[in-house]
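Presented sequentially are two complexes of chain A, the first with chain B as partner and the second with chain C.
The block that comes next holds the complex of A and B.
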């Protein structure tokens, strides 16, 4: 083969390759057009009603907008500085922190205990359904129920009266020290079911070989649980923890209903504080800044979850 | 044997010898105590809705009602004073249209994301998926003024649009995963036969997704039914209120004539989703599994 011919062939090959590449690009463009047609309604709705508002909310948080004034006046970090000086905000932040801790600790420990307890019990379907039932209620409806459970003449005081043999008339939802723990109890009642069901799904999906092997080696129930079941369950546990953190961090409906008559309602949580500032005091920019703070924490937790989840999955495999 | 699920078969295969009976009795007692504790608030509510207002005020919360007759009166008063007829209608509209439309549009969006190759595919997916990441607090103020500007505030159309939008991202994630697991060979065979993408999607992909689609539909329906926040900000007129918002407004109003009426209203508002759960428990649990 002479060199000239070889050159020709290389040229031909290159032209062929370019041709294929161009065709592939045209095909991809065609595919993109078809794909966009399929995705258009979803993109429009999500973009217009969810993502655009988020951007607008961030912009608002840097303005001075209140009722009737300051809509386009740039304020820099002023709203955020005001936030850190606001005593109500500090208290709301503290209560939200309490909510996060409690909404992980109690549902997780109770849910895990119940999952292990009900796992092999006859009639477990009944038990599971009963514990899960409160979860089906709207938080608003559950809040109304518990509002009257906690009423001065309500169920709880009556039962305490029977046990202590004295008339009890505590206003559980009106006293500073009691209101948050009382609402947390209602929250735990509602959320244990979901945690339990998710953990049961996780337990059912565990590989059986390691457990069997350890049992053959004569491991007792506690070491078996501590060293085999718990590590294998880590990805599910992580998911449940993150879910609980986010639920506790953004809790609103229960607080808005049950704390309706609490004088310092806006301090009950960050979400309540934000709603109060926006829709009762019309401090739009200030409330928008609060929303950005809430969003920032939620994004950080979500980001942490993706990091940890990858690690937990790798650990199990 | 045929009625046993794989899970049950596995359980039978690995069943351990029965635990010693005192321990088992202890566990059963423990379970019973927990179940009773969980049912206690329900029992209080179920007793209260059978009492007249005078009877509720005079009797202890956990005492038995004198007769079942006051229930009808309570229902009538709750229904009328809370404006429940309109609110139930509104919530049925929002939850039905919102969830159905969201699942359909999500399936449409998931189709190319799962089964076609085009530039920046992951970016498009992330854009849709971002709708699940932000807390609702970030939407409220812009939506309130956006709806005011577009004259969608306190309209059924506005509420339906919002609920549809908010319910799209999660089903996209779920349905995309399911579509990725369907074999690609059906597509290729259908494309060789000259089927367009739309026909492929409608005739072949959608019928294969009935299970997961009904599962996510149920989850989204329940979520919209139970939502109070968006209705209280964007649709707070008596004509457009959702059922849970109507319940909240009723509790704050002076018209309500006492806890027994209020609790009856709460039970009425929860009844539809409770019934759905009791009837379709399997689909609910499948919905949890897919998520």
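The block that comes next holds the complex of A and C.
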């Protein structure tokens, strides 16, 4: 060691740097203990009510639990293999994908259209309230109402009968090709009000300067919307998309109520499939495997969306 | 000082009073929220006998099943609860947590309150584990007014059944009411047609010895499909079955006796309601009837509480059964008391005239993991009642059935 470095070491030893470092570490440990005390209720709640059940569910998916038997019998990947072989699972997966696409596409385009339309319209509050009204209904109540709209002797068929001048008795909720689109329509009816309100808030929060500058530069309504409003609205749109995707993945109440008499109800979505396996067939382990798959897919999609949101935020800044 | 000395005496006197006045509480867990009122009436009547019965209903059957399964799995089985007969009872009894009730059934049969045969519905391998909450025979209810107008009599043979249905159809009405309402009704006509055409196959189907694509089952689908082709059934897509019968959308209604109470509530005049047992197809001699039995079971742990057995004794007593019958319209098989309504009384008379073999309803007979699949597939057939759908249903059901029995020993 050269004399200069030796001198520095001696100086630091005299100052007592090691002692300062030790004190700093002790202070940090004290801070962590205090923080943990404050965080304890939240940690207990999240750990006890969220993480533990999730871990328990993952464990169950590797057992043979069905009805009263097999909870302690290890099954390996058997439930997951069975899942991939199940034709109803494939159908449910396909329908869930359809739900996710539809629950983003339709409420978002309709909600955005209505938000832009009502933004400066006279009497807009009245229109907004009417559009938002279905949202305050419980999904099960909305489901029962729409069930009777779609019934063979229901309102829709009667209206079609008036237009076509012949009796119409289409079983909207009984035909494989019709049941999912029919329930999606009820979902869109109920959800586009909320999307409209969220987008109206986003539109109201947009900075005025870029819009006015573009107007002064002679931009027309469409270029203004396409190149200024839409990019500025991107964070709100992405938030709405995330909410819609999650809603599409987890929709259950409407499908359970409206699809109650559809013979292959379990194929209507993954959530219904899981419920059917768990609560009607008591195949707890198999249903747990389904839940793990749904959780994995939702996690992957939301992770992707978070990345996109971060990119959108950077674009706006 | 005097007051201080009196206080413990007073307290102990109060405690003694409360234990003699109020017995230890017995909770009856159930998923029959719709019968909470009548069950409470029984609980009130039991109070006079010093029984402290608390009715604990679950509104949703699936939640209820989950609660019981979780309780059994954790070894905390409730003392007293309702369950399902057949395969569900077998599985529950196999856990070893149910109390055998052989001694109680001996008392029930010894004084002639319950006919031999009823016990079997609530037994597993000959050992009774339950008492009846209700016992419903599956019969055909019919509108007497339509029968009178068309000069028809309740059919006593398969040929007469065909004639009656054809005459009703010719008169512009639909002979039979049958829907897929609530998702579970699909098995009703299938079970009846199988029992009437091949009772051995009915038993075999439920123990894995007869396949779902066997000739007996194919024959049922052929008959069922033919009946649909003749326009004998109402629109299966209706969700208002009871009201449909009141509105006359079907003249005959194959259902459990418990529908009588629902029809009464919906405004159908009970004096205009007739009842008959669906006749057998040619070649089938054995008189038979399908029975649905809802059981009340006690856990082994529950038997440690003497109040549990006292409650069960009260339930099957003449007083208990009569109170329950009057309040809910349900029959529990106690023949020492008057039937809850005239229709149940008529069925009792018909059964007394000729000994019928009791067959447990298909819903309870099939392995519980196949129940949901079975009704979904039969509903599929009802919505498209042709032989091509039948073929699909038979294949699907047989593949599930074979998979189920391949892992188990057939009885």
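We take it that the second predicted complex is superposed on the first by the 271 of 317 C-alpha atoms of A that agree within 3 Å, B and C clash if a C-alpha of one lies under 4 Å from a C-alpha of the other, contacts with A are read in each partner's own complex, and residues count from 1 in each chain.
We adopt the following convention: contacts are C-beta pairs under 8 Å (C-beta built on N, C-alpha and C of every residue); 3 or more make two chains touch, one makes a residue touch a chain.
Predicted model only: the values in this text are computed from it and were never measured.
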Partner chain(s) touched by A:174 [first = chain B, second = chain C, both, neither]: second
Partner chain(s) touched by A:98 [first = chain B, second = chain C, both, neither]: neither
Which superposed partner A:281 touches (first chain B, second chain C, both, neither): second
First (chain B), second (chain C), both or neither touched by A:263: second
First, second, both or neither for A:152, with chain B first and chain C second: second
Per-residue touch tally on chain A - higher for chain B or for chain C: B
Touching partner for A:66 - first (chain B), second (chain C), both, neither: second
On chain A, positions contacted by chain B and by chain C: 147, 151, 260, 279
Touching residues (chain side chain B, partner chain A) in the complex: 7, 10, 14, 27-28, 30-31, 34-35, 38-42, 44-45, 48, 60-62, 105-106, 108-109, 111-113, 116-119, 121, 124, 127-128, 130-131, 133-144, 146, 161-162, 164-166, 168-169, 172, 197, 201, 222, 225-229, 233, 244-245, 247-248, 251-252, 259, 262-263, 265-267, 269-270, 273-274, 277, 281, 285, 288-289
Complex contacts: residues of chain A adjacent to chain C: 66-69, 71, 147, 151-152, 169, 171, 174, 260-261, 263-266, 276, 279-283
Contact set on chain C toward chain A in their complex: 62, 65-66, 69, 72-73, 91-92, 94-95, 180-183, 186, 235, 237-239, 368-369, 371-373, 376-377, 379-380, 383
Touching residues on chain A, where the partner in the complex is chain B: 28, 31-32, 34-35, 38-39, 41-43, 45-54, 56-57, 60, 114, 117-118, 121-122, 126-127, 129-131, 133-134, 136-141, 144-149, 151, 153-155, 158-159, 189, 194, 197-198, 201, 204, 208, 212, 249-250, 252-253, 256-257, 260, 270-271, 274-275, 278-279, 284, 287-288, 290-292, 294-295, 298-299, 302
